[in-house]
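Okay, got some structures for you below.
You will see chain A twice below: alongside chain B first, and alongside chain C after that.
Then we have the complex of A and B:
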């Protein structure tokens, strides 16, 4: 899943037509009453609801809340995950005596922490952030650790030959060599942060897009719910695309750059 | 998703002494923690909490409901995702036509599917299963489709030279080549399916561990909440380990070959 499996080519005509056809069939099915679902809104109704949400500023406010939580949580988990990953990657002592304790916690589904966080912090931003950070640390940690530990032995020899100090070995050799893995960790962490923010807002912190979707369910307003859901999908894809572009800028194609040099 | 190399590396390390900090932490919590605290109940009470749930007959039905949903959902997602992945992967036109739709489904954060399904389908029998399948199927489908798509140019000549029929091509070339990527998809789907099963139960209060833990939390029975948290952790660990065992068996039967490795 790390690599883009089906690259979105611009002007994918058959792909666009498929989407249009689905929308048309959906619209026709709802209008003619052929769709047997009471709460399935027509695409046109979803569009109207979306415009309404934009106009009233509700969408913007909810998006701002979710984005803020995601960014705070993601930055925190990047910092913690990177620090832990470097610590465990560099210290055999830490790996020997502490790693298994973390490994036991890793398969614990983060969503199960939500009730504990609720118990401790009630419905609050803290609850939301705890769940986001706890879940998003893991991809950053695992990828950083994996990246550092699997740095080729050859590179260790290089730093020995050049008599680099430990600090310079870290900044000049290890981190650059592990950078692609670390960046992948950051990107996966962002995806996790978005998912966990929405879960936390559904159950633990009644604000933001996650809560908007659930309250549309409770209010039986399917057209609003679909508008939010489609928007959340586009938002998540856009966030991921931002990071893909940013990581390409940061690490301009190892192989390509090397070949040109 | 943690990468394969990293997780192999971690599982190979000596485990027991590494567990020491966790054990010490729990022991210190038990010895020094405030007794009767509504927020940090000592670990010994966690066990009592879960034992009470078990004795009153609420634990086992919830646990089995969650496990049955998970196992069935993964099984159905494997069949659907594998079959649809191969169908889509085999046809370049299908890949192009469905590309944007699949990209969207992959990018959509899975939790938002839950309220949509609840509202549109209503509280029907098997709602939990439908939701978990509809989330777990994507990583499997997309990985299988990618591996199958990468293969078609490569081994097409072989099938033509050997004059393999459609079925034989499928059985001898396509399926074995798609299996490593398929397993990577399942590896992504397993934790996702656990999370979504719990989420559905939490949101809808349908019977299961998720609704049980939320109920305990709402009634401030904190020992039960912590006890169930440990139980969910053990469940996650067991299910992931089970997957690793099954994966090992499958890979022994269909070992990945370098000649068609670009999909995984």
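Then we have the complex of A and C:
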């Protein structure tokens, strides 16, 4: 278990070398003037800007805001998506009468709600959270629903013959059986939450990393903008990695699938 | 041909004129046709029949997993509506029937959780695992075990409930001959020790004779009782000795002929 978390195992040497090579070519292209964009900074300039942002505390403050919004929004989406997924997964009645209504809402792009949320809640955290939650519910909901309805009929037989109550069947058989699918939903939801937080901060709530990107752009500081953009990417990867490790720990009996993958 | 004795005072299960219809793709299909059979208290009843004779469906009817369309299924005199307490089904596909994310011990404990306290649970689980010789595998996961061992886990899970009746649907069908023989003897031991009644479905005629007090031969489709053959072989039975007895060979012949006569193979 420990070895799997060791950074050395994660360090993909050929992949890293490729990244370094790309950065070197980029640096050379900018310095030699081969890439003649007025606002394309060299990787070294981006690095310097990044260190400045760290030192001034600006990066930390913006990251704290965005992380907080992402986590609150994501947790809300997980709770709502899970509850809806279980309800629709367990109730044929709910599926028959209400699934169509939900499916109509699903293709609506969350960002289309931003003006509505802005009108109601102004430039605020609430606006940001509405956009995050609306978008991130879907992956959780769809994966939970799919996970529950595809639990094998045999396990329903087993629950009946072992005299499990409906509540016990749910908590001891159905949810654990669907757990791998539910966790995939949580992970996809987190990815969505990061994207939506950045967009919402660019357009609806002038705080955090998204707004920082836009501010750097408006201030004609491309090296800062790139530093923020790259940092958002790293943040998203790190968040996903945390969830992968957490889910391996939470689902020890499911490691067979993990070992096969 | 032969009528079932369904009014026996000592019977624990009674099916009387039971029919089951299903409507796959909107077409009416009769799966079981006015079937009557009784299971005596403590009896080991084996059921054979070629495919399509409704063996599994009959077991699901007894286990309360599917309701009869007409006729009555009674357990201890009370009509079966839903899975009756004291009756537990063991399925053929052990891999699908075990919770793959739970250890062996926690699988066996599944039916006891919330019924017994932790200490009683642990004792009951240990006892059940011992009956199937799995006490050393309590902490393994099912997917780490061989097929025979996984089926033992499922049997232990059923035994842990101390059932009055175990309904077994071709439980050894997917196992090799050696493992099968061992499990048959373990099952006979459990039967002798606990007095549990068994309804045991198999497509293996020798297995049916070796295990059973009576063998029910089903005909179909639609499923109905073709013949019931009492097995008078002495207990305890022994793999080599019992199977060489002239009576065993005669019964094997009789049941084989009955299965063929019932329209099988």
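Criterion: the second predicted complex is superposed on the first by the 241 of 261 C-alpha atoms of A that agree within 3 Å, B and C clash if a C-alpha of one lies under 4 Å from a C-alpha of the other, contacts with A are read in each partner's own complex, and residues count from 1 in each chain.
The rule we apply is simple: a contact is a pair of C-beta atoms (placed from the backbone, for glycine too) under 8 Å apart; a residue touches a chain by one contact, two chains touch by 3 or more.
This structure is a prediction, so every number in the text was calculated from the model and none was measured.
Student: Put chain B and chain C onto chain A via the superposition and say whether they clash or fit.
Tutor: Chain B/chain C on chain A - fit side by side.
Student: When the two structures are overlaid on chain A, which partner does A:233 contact: first (chain B), second (chain C), both, or neither?
Tutor: first
Student: Give one of first, second, both or neither to describe whether A:160 is in contact with chain B, with chain C, with both, or with none.
Tutor: It touches chain C, and chain B stays clear.
Student: Contacts for A:176 in the overlay, against chain B (first) and chain C (second): which applies, first, second, both or neither?
Tutor: So A:176 only meets chain C here.
Student: Counting only touches as set out at the top, which of chain B and chain C does A:213 meet: first, second, both, neither?
Tutor: first
Student: Identify which of chain B and chain C touches the larger number of residues of chain A.
Tutor: B
Student: Looking at the superposed set of three chains, what is the minimum CA distance between chain B and chain C in Å?
Tutor: 16
Student: Identify the residues of chain A that lie in both the chain B contact region and the chain C contact region.
Tutor: Chain A residues touching both partners: none found.
Student: Over in the complex, which chain A residues touch chain B? Could you list them?
Tutor: Touching chain B from chain A are residues 1-2, 5-6, 8-9, 12, 14-19, 22, 37-40, 95-101, 103-105, 107-116, 118-120, 138-139, 142-143, 145-146, 149-150, 181, 184, 188, 194-195, 198-199, 202-203, 210, 213-214, 216-217, 220, 222, 225-226, 228-229, 232-234, 236-237, 240.
Student: Contact residues on chain C for chain A in the complex?
Tutor: 63-65, 82-83, 85, 87-89, 91, 93, 96-97, 99-103, 110-111, 113-114, 141, 143, 157, 161
Student: Which positions of chain B touch chain A when the two form their complex?
Tutor: 1-3, 5-7, 9-11, 13-22, 25, 38-39, 93, 95-104, 107-116, 118-122, 139, 142-143, 145-146, 149, 184-185, 188, 191, 194-195, 198-199, 202-203, 210, 213-214, 216-217, 220, 222, 225-226, 228-229, 232-233, 236-237, 240
Student: Please name which positions on chain A make contact with chain C in the complex.
Tutor: Those in contact with chain C are residues 152, 154-155, 157-158, 160-165, 168, 172-173, 176-177, 179, 251-254, 256.
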